[in-house]
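Residue numbering begins at 1 within each chain, and the chains themselves are lettered A, B, C and D in the order written.
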Amino acid sequence: MDAAAHAYFFGGAGREQTLAANEHAWCKDWLWPRVLATPARIDTSVTLLGRRCPTPWLAAPMAHLRLAHPQAELGLALASAAQGAGFVLSTHATVALEDVAAACRSETERGPLWFQLYPYGEREDWLRLAQRAARAGFEAIVLTVDAPVQQVPTRAREAGFTLPPAWPQPNLPAPPPRGTLEELLAQALHWDDVAWLRQRCPLPLILKGILHPADAERACAQSLCDALIVSNHGGRVLDGVPPTATALPAVSAAVRGRVPILVDSGLRYPTDVVQARALGAHAVLIGRPLLVALASGGAAAVAQLWRRWRDELAATLALLGAASLDDLPPLHTELQPMPAPNP
Amino acid sequence: MDAAAHAYFFGGAGREQTLAANEHAWCKDWLWPRVLATPARIDTSVTLLGRRCPTPWLAAPMAHLRLAHPQAELGLALASAAQGAGFVLSTHATVALEDVAAACRSETERGPLWFQLYPYGEREDWLRLAQRAARAGFEAIVLTVDAPVQQVPTRAREAGFTLPPAWPQPNLPAPPPRGTLEELLAQALHWDDVAWLRQRCPLPLILKGILHPADAERACAQSLCDALIVSNHGGRVLDGVPPTATALPAVSAAVRGRVPILVDSGLRYPTDVVQARALGAHAVLIGRPLLVALASGGAAAVAQLWRRWRDELAATLALLGAASLDDLPPLHTELQPMPAPNP
Amino acid sequence: MDAAAHAYFFGGAGREQTLAANEHAWCKDWLWPRVLATPARIDTSVTLLGRRCPTPWLAAPMAHLRLAHPQAELGLALASAAQGAGFVLSTHATVALEDVAAACRSETERGPLWFQLYPYGEREDWLRLAQRAARAGFEAIVLTVDAPVQQVPTRAREAGFTLPPAWPQPNLPAPPPRGTLEELLAQALHWDDVAWLRQRCPLPLILKGILHPADAERACAQSLCDALIVSNHGGRVLDGVPPTATALPAVSAAVRGRVPILVDSGLRYPTDVVQARALGAHAVLIGRPLLVALASGGAAAVAQLWRRWRDELAATLALLGAASLDDLPPLHTELQPMPAPNP
Amino acid sequence: MDAAAHAYFFGGAGREQTLAANEHAWCKDWLWPRVLATPARIDTSVTLLGRRCPTPWLAAPMAHLRLAHPQAELGLALASAAQGAGFVLSTHATVALEDVAAACRSETERGPLWFQLYPYGEREDWLRLAQRAARAGFEAIVLTVDAPVQQVPTRAREAGFTLPPAWPQPNLPAPPPRGTLEELLAQALHWDDVAWLRQRCPLPLILKGILHPADAERACAQSLCDALIVSNHGGRVLDGVPPTATALPAVSAAVRGRVPILVDSGLRYPTDVVQARALGAHAVLIGRPLLVALASGGAAAVAQLWRRWRDELAATLALLGAASLDDLPPLHTELQPMPAPNP
């Protein structure tokens, strides 16, 4: 991976304050282990959208993975399926969605296979792409709602990042919008667009990019989604927004169990997944750690990472005296809270 | 720019505690974005002294810009005017104020053009310079009140910074005072001097360098200014003074809307401007980021920076669901405050 | 010591947050010295399990010390005995326990000699090893309860750490378990195992690795130990668990004096021992500082470190106006607490 | 200055936590400047022990200055006297006290000349040395009470610091004690020693090294001193003790104006002196900044530093709207306190 691509994948917006806070915010409460009470069996599975998932995580949708490794999205999808992890294919993937779905089909213990949708073009374009994903075997549509304007991370801009010529993007619903900021804003998705798509979409609809509890409340009150993902886009869209670990409890309180909640941004270790669970998330999306693995060793390295995460999550649960994620005790904040990390 | 000039421009007083705190203090509250509610049009303009300004920022008065780039103040003024930003010319500019005003005149969408005044010499000298600025087309006088004694930043002193010989300073009201500290202090500006100038000045009078709310109260109660600028001189005059983000709400409470408030020192990203607005500022002055741009690429780089700032401010407003700065919601501190940054 | 061995000894689990917090957490309260009241004599001894110990510390059980220095556990034990420090021999030592005990026997001022037991194999295997230790002259069995699953520190894994072939481990009760995580968890120690061993063990039984006060309460209520050691295994087993300085007061409150409490993890200076005492520990175990000394100069360097620690502890007590650890005043938190260190 | 001498002068005890905290703790409250109210004249003088001092500072007693520069204590004393600063000569000076006093005598605007006494030998030895200092023209005896056991800083020990052979120490009351820690402790100074010396000493007696308010109370209640110095010996004696800025308000409250209070340790800028004044100190002692100057340029560099400090203190007072240190407003903590610096 060259320096500009690295800056593109690992950078964030503005002074990268949210990027940094995302990681630190997961260290919210100390985990108080229990001794001499190891459960005989540990179950790392969760249930999402009516289906058992062997692990509580999915690979987050990431664009342009071919910049990281020639196996690109195909390698990441296969390794995830083989290790019981879910996978979310990006609209900006460099591999056709049909090829990804076909490759994963034979893995019987695989996690969910979802398709992430950027609403380029007209409403009918989005619907056609969702139908195409459904036909291929995808199980849900993840509609990204937090990026009406997409920006390149500060450091990627300074590094002069651009996509190579003739870059393959076989899953676009329509060409991405171009033009002035005013023109881009005029095409931004609105609540009525979501309602329109929700009525017609052949798959469950998941909204990705909610931070404000009032938005979560609206999505639930109007039955506009089957699940939602608390995300700040990995700190890439707007700097200064709260880390997702900060927003998650507020969103969870607003949702009141009406839909399952997922979360991403800043999760780097299986212990972070335990923290996310304690704050209200049913499952998590993992991004940059997979990028590191993919870039360093392709699908094999990704599979090794997922396998280690599963073992480490099981070990963590065992050390906390919990047989499953549902069995986790509340984190013992009352014993002594951790000092708040500085931004 | 040589190392000594760099130390002069980017250094601060003492141990540079205020210099560092200035930047961190703008990260005061998390910005909570809203989704699916992008306004159709974004307006970045503000109204200052009865005039519409396309953007809420002005280039702060900075001395000796020729050290950074041969285009000096002329380049910075032109690029600012072209991009709808205001410009404040320093008494210590290396270009005659008439030349600056003439160059900006043709830009129809330009921001305010103000002249910053150091009160060297006698009262009549100040008045003559203000009249000269008025004749040239400047729209206000910015009287600096926080630097009765000027010091070179610690690191510039250690780097042996001095001005080159025969340095052009065509806008001085009189030669800068020289002598012992006692002699300098004896010439310091007082409240009665401001009152004298205010009565005679042909232009609106703006006081720059207020931190203490009692001073803001006095300036308003005695109608001594048309606007005031909360500033600690970029941390250059006295170390250990509060960052302006800390002083701003206290000043705003004291002013109670009687005059518009501007603020400078430490603003580095358009998101900081949103924070400043939320804390009570109507507009901001930007200094060192422009210096970096000017030094690296002259007027063209400054224009590019201003253009990006305008787009990023518009995008930020859009992501917060606000059509203009007046439309900003209160920052959602109650959802969860950021931990206080350390000095 | 090669880089992989260094990573093995000095690394921690996960992002090493607990590893780092362990050290910082001992700087809990300022020590307020008293003047002109130096006691005539300073006594650094403590009483543990009915026996006087010249110093309040023991060398913590550490595995594979031959990687650090050819004198290995024998050198560390001898130097500790010579300087009045206790010594805990690891199950994973590279020297036979009989040889260690024989070497230390002649030191009349030595501290306690304990044997640390990993419960590999069957219950009878553990008991046989405890009996063997008793016959050799060990004074207590330290049963490690916090590591049903052992992990290599993150950085050691990345450095490719493995044990050399034919590595001597003459004190294992049985071969360490191998297999899948599920198989390892199935062999984990439980409370009834401890009760079984406690009834038959010819030596006092000490539980090592308690953090949660409820576990301490259970161990005391059921009389399952003669002492307990608050430990997070030096941050090596599970990242995100509280530093021992945080857990210690909670455990101390739960134990209510029923058994003596020891603590390890992160103690680096004799002043930390004073802090540990003030938080409820009767004695401490020291690990990594001894490793540094052993690796740099073998037994001689260890003896020099212990000697300096004893002098510095005596000097610290003198400066605090205390003639012994029992004579320490409460730390004067009320005068002004230290700000909480960040994780 | 070689590396070992540098480590000796600039190091601290233990992990150097107090050494670091000393500096940060002076940044306690923001200084809120006032504008347009510059006093016509600034007076930096203070009154100490019935005598006017042109500046509120003295050079702290420092041992072995010949290691820093051949002019040693003589250079530091002369430069201080010439710039209106006080000077405290160390018992461990490398120049005879008579020579120092003679050299300073002609400076009419000099600050106080004090002699620091380490109580080596017998009571009569101390008294003889105090009488000798009085005869030479010293104005007070500074009795160090915080170092019954002297330790070399951690990093100096590691650097192998030792004094050169035949090192001149012409002011010792008796040879420094040698022997085991127990023997050193047996010779420690006690309250009755202070009372004995106080009754006979021909000069005012100042106690240096008080941190605990109870010790300050005892010294005042029994009239055992004419002034006291809040000090932690620059963080060199015991790590983990509070920074002097933390102890100072507690001591000030205990003293209730009965004797003047001085403070040292960690003051690095004239603004720190303003903070010290606001926390209850009448004057300060400056150490390491003078060492840097002496080592870099002898007496000339020291004089330049003192001159700049005097100008910067005057400028600071002017910017705060105060004509003298007595005229300082309370620091406006209520406006907004600074966040507590981390240790």
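Assorted remarks:
Heads up, the rule we're going with is that contacts are C-beta pairs under 8 Å (C-beta built on N, C-alpha and C of every residue); 3 or more make two chains touch, one makes a residue touch a chain.
In this text the structure is predicted, and so the values were computed from the model without any measurement.
Among the remaining chains, not one touches chain B and also chain D.
At the interface between chain A and chain B, two copies of one sequence, fewer than half of the residue numbers in use are shared by both copies.
Seen from the Cα centre of chain B, the chain whose own Cα centre is farthest off is C.
Inter-chain spacing, taken between the CA centroids of chain B and chain C, is 59 Å. Chain geometry summary: the mean Cα position of chain C and that of chain D are 42 Å apart.
Residues of chain A in contact with two or more other chains: 341-342. Chain pairs recorded as touching, per the definition above, are A-B, A-C, B-D, C-D.
Of all the residues in chain B, the ones that touch chain D in their complex are 14-15, 17, 145-146, 148-149, 151, 181-182, 185-186, 188-191, 193-194, 207, 209-215, 232, 237-242, 246-247, 250, 340-343.
Across the complex, chain A meets chain C through its residues 27, 30-42, 268-269, 271, 274-275, 311-312, 314-316, 318-319, 332, 335-336, 338-339, 341-342.
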